[in-house]
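Both complexes shown next keep chain A, but they swap its partner, so chain B is in the first and chain C is in the second.
Let's look at the complex of A and B:
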């Protein structure tokens, strides 16, 4: 032992048993620690366990408050009835904020989005995955994953709704059939009141006998061609962000409908197509009978180009992807909606099927005179379908305008980059333009422009605050410091 | 190693001849297969060294199965695949193992094709060690070089796949394939799971690597615009058969087969001023388990004739390096 120690000291080394083996290990360990440390330093999103617990607790408190508000019953209508800014619009997003309270911090998925959907037009929302385009549409439907995801107070989503008029007992007011004269005009009595068509009241196929022994005579309710009775309606503007879930259920699926990305998973595998479609009619149209629901289902299936007899009794797994997407569209059309949200309706489909579905959507929009909010990442689809385009990046709108303006005269560097980076048939480029880097981490977004670090046109101004929306033309807006001097 | 010197032209790295892959879908009482799903049915093409062939087609047309058959990840039912003059179908397992480093594959989904339990360095370097391309001493250096070439920062070496975004993961997949210094890379939809801006980065990377390393790609994709950008030659597949193939310029300038024409016209153009004169195909792609008689495309074709329903068209060369299988053109 001592000999070894002396030998080591003679060589000028420190004597330590096992050191020859340990030295190598320590060096390697040191390197590993250094690497992790370097890596860790770059990863600024690291949070400690303690911090995570604190955040979770805080989130719980906030989300509970929001949930409580949504679940209230008998909320006075005055709380959520508002007025439209422009009567031609069907939906107005006004400063919409939708946050997700995750354990790693608050994710501002939608951060101050404002745009309008005019009546009878198609608005396309483009952006990369994670930019908040789907969350925007889910906020409108009140389908954001709760309790984590919440529409923040102060956001407004105004929707022009047509609701059934109700009498003082809370019942729908039916429209009665009025007698027509030989010219097809409605007949009136001497007081100016309409003369209604009357018929004996029926119950289970037999006339109902009143107390005086005579059959009870009542007015006949007006019906549409499918045999669905009609009720009086009125127009009301709702603020969806403040609406309780109970009331929202009457609008969702009836006036705003949604076509999802995955036709494979959005139909229920254990019910037949017919049953699933009829269910929508029963839920949303008061007074619908089995026969009238089936008639409506048949009508809509025909409209989307399916022979109804072949599909009505089938199960979803028996249909191909394109057929299922058609069924989804038929389902969305059942209650004559005013707005259809199509969330990547063709992403899961082949090109030839995509062409069929896009043609169909365009055709249907004409027929029902509704609006479409089209969410997609495919610029080609947008160019073909949309009248107005909204480009989103990291939860904010960076540019919006008519389709012509966005495609012919893109202003924001991101919009330009997006267009240049997409290869197109018959457009020859040697090398594709690529936007460097990737979308920033959604937690703790900086104050400056979110696109600054990837932008090739950044200037000194870009280090300042997030750029305001700048009006370039009556319809064209862009959020970029480059265009500030033009105002 | 057994070599079949069937390829005269040294420039041709991959020669696929009458490749067939049938999957049994029904068996009789004794367990003998009675019905087959003809995933790939008589496909032939050649690829020159350093070039890219793009394979397009709808889902279920057998593109991926064909790519896997070339690597013999699926056993080939019949036909031959000559890789560098070697018949891949006849190789034993040991011989196949030796040849594998030269032909690699990049999978479609970067989220499920990386082991979540291995750090990035090991994912890339595992096969390098297994095939003894470098010794232990130079291993780390070698892997870092590969990572650098594929645009990955070297301090990612010890990280795990879940820490990366889709684009970065696809870079890891590419690095894993290229670490073995392959001659042929099968890219099975490498960009379809990625965002547009990331797509462009990956396509540019693939092109740069091809130029630097002299790679040959078989680029499988359903996105025509991407295929047009990256390929020198194009093959269009429908229900397991090649319906048209040849030079990219020739096919895009003059598509012969009605399916190719419809496919090209269905691609949306990102320009609202262009109104396409679109050919919209009727119906869906038929099931490959029960393909239509005669020409497989006749059920959806807008120029269908009587003969199409009875006789399958021959696959013929109509102009130099432009093949097509359709009754509309001279079949003699």
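Let's look at the complex of A and C:
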């Protein structure tokens, strides 16, 4: 035994029973251990207890500050009302940073993302799992998992909102019905003021009698086809990143709605479908009654291809996955939203249902005249649906452009890789292409192209800083050293 | 539904019978039975003979008749008995009195009376017990238990649960009388417990890892860990003995003479403050932790995110969408709560000397009062079984996914 030990030592190895290690390995391990204990940040995969506690403490401080800001009440509107850069857009992400303060360090899930969603268009966001697509959309909804996830100061998400005008008492201003002449035009008196339709004020089916003994006459509020009274509205541009949650709530579910990935678990199991849909109407439409809410729900269920009578009183567990996703879409449509965020709406469904749901989404987009932000990792879906495409990688946008540009002329090696790894019917390949390697550790990202180590077009420049966004055409941008013009 | 309930009730019957067998055997296995405990001092003083005790035990149905069984099985010989060719005893008079004739002898033919004549404190029964092997003794015991249990069961089926050894009264009457005192105390404690624990649990969950969460958790752990007798004594020591704010035992002050019902009631309330506070503080912890855990689980569910995405306020999200889902598992706790409502708080009632059923059960158990302990535990078993059935039915009410069929 001693002989073996001596032999090993002579060869520069350490003797350990049953196994022979090279001495250098031990030295390297020792260094790693030392680094970890010294609290060094050289290797982000190793973190000492002490370091972790320090990070947790720091995180607590930061997140508390952010949470406090969000929970403020009576924030002056001027703090979060801004202007759109381009009035044709409905949403503008401007340098959005969303970080997760984890115990292992700060995860920059979204790291400086800027793109626009034009009115009436479909914007597809693609990228592999964990690249920050969903977090981008959740940031817009202010639904990032708090308190760990926070939208960092300096980020701007501008949203063009239509809000109810309010009088000095904070009450909504109703729109009154105006008398129409025989041609269907609104009638005006000699001063040019509109002549309103009037009727006796009713209370519980009986006319209200005033002090003078006559029935009280009041103006009639205008109602839509579901019998929901109308109020005056105005347009305002909000910076969602700075908005207090209290105000954001009025936008969620009314102007921006969301369809989630998991229809099986996204509906509350203990309420009927009808109750869950009606709730949205009650929340966002002032003056909605039980009957009008039900009418609206029925209308939307019909729109998504469900016979409302069949599901209104059902519980979610009694429906299939595809039906539930239809219900989710109906829920998203209830208040005629300006933007529907569809977060991988077809991932959990089987292929035939996927096609139906996508058809439905396209159909609906035509009808509601709103925009769709479609998040998916399925390039096929994007090709079918989207007008604009944003490709994300490790929390950053690496390429964006119109769908045509991205599909006909992909520039970034990652986009090319994604295209290649999509199965195609008319191509014969032995093996489906896959991009080698995996997404880098999101904590303490280095300042060079995150895709560098997986890229097959790597060049000398790639060892430099993270590449700037390069404008290739008016709509097409890419972030890659390959396209930098020589100076 | 009706079919399901009937099926469950029939099954419950089996369970209750099983429980009663176990309880009967356990209480009979206690090393000192009621008569032994009661006449211990008299026996040592010599005012009561061992033979008398055997007779008294027989009256209470607590005796194991080793002599009769052993002679019957032929383990112990007896002179003057007639045997047939196969070695069985021929009962000449056709009545068991033959067993008393003649002299008991061991295997070598020595008379037991001779063998144990120095040990005056032993009865004939004890001689035989000493002669028997372990297995034979066990068989005798089991036979005795079965005979005793059989008698009890037949009487019980006729609605007669016997007379309590200790309290002398009919067991059913005692339980019926004392149950309501315990019930009143437990009900108030339970309501308070729910009112305090559930909101605290929800708060702790919604402020996870915040100051509120830690405070509540620490208090809950303290509540869970403190034993009742210790905490009860602490409360008594501080609030009744030291500060004198509350009386320290009983349900009413004996100095009250001809009270009106209102003063009587107020006096009772005054007496019950400390026990109820003790009960509540010690039982909050469990329910609170339970609510907190469930709430946390529900709050991370997808449908909660949907509710937020709809634009619900945080209050609506928690109290409308999450709360009912949280309650589903809490409903199962009903099964445990119902027996404890009627069954009384044994130790708390003991500490505060309240005339509740728990206190009586405690005393009965210590002294080996077979009829009372049997009736009390059977009562609890029935309540438990009903509680489980009720909680299963409640499940179907609270959770639409649960359907009761068959």
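We take it that the second predicted complex is superposed on the first by the 440 of 487 C-alpha atoms of A that agree within 3 Å, B and C clash if a C-alpha of one lies under 4 Å from a C-alpha of the other, contacts with A are read in each partner's own complex, and residues count from 1 in each chain.
By definition in this document, a contact is a pair of C-beta atoms (placed from the backbone, for glycine too) under 8 Å apart; a residue touches a chain by one contact, two chains touch by 3 or more.
In this text, all values refer to a predicted model and were calculated from it rather than measured experimentally.
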When chain B and chain C are modelled together on chain A, clash or fit: fit
Examine A:280 and indicate which partner it touches, taking first as chain B and second as chain C; both and neither are also allowed. second
Determine, under the contact definition given at the top, whether A:320 touches first (chain B), second (chain C), both, or neither. first
Between chain B and chain C, whom does A:249 touch in the aligned arrangement: first, second, both, or neither? second
If we overlay the two complexes on their shared chain A, which of chain B and chain C does A:445 touch? Say first, second, both or neither. neither
Would you check which partner chain A:403 touches, where first means chain B only, second means chain C only, and both and neither mean what they say? first
What's your read, chain B or chain C touching more residues of chain A? B
Based on the superposed arrangement, let me know which partner A:424 touches: chain B (first), chain C (second), both, or neither? first
First, second, both or neither for A:358, with chain B first and chain C second: first
Touch test for A:141: chain B only (first), chain C only (second), both, or neither? second
Rounded to whole Å, the nearest C-alpha atoms of chain B and chain C in the superposition sit apart by 10
Complex interface listing, chain A residues touching chain B: 32, 35-36, 38-39, 42, 128-129, 320-323, 350-356, 358-359, 377-384, 386, 403-404, 407-408, 417-419, 421-426, 429, 431-436, 438-439
In the complex, go through chain A and note every residue touching chain C. 141, 143, 245, 249-254, 257-258, 260, 262, 265-271, 279-280, 283-284, 315, 317, 328, 331
Using the touch rule from the top, collect the residues of chain B that touch chain A in their complex. 58-59, 155-159, 165, 167-168, 195-201, 203-204, 207, 222, 224-226, 228-229, 252, 262-274, 276, 278, 280-281, 284-285
Residues on chain C engaged by chain A in the complex (per definition of touch): 301-303, 305-314, 321, 324-325, 328, 398-401
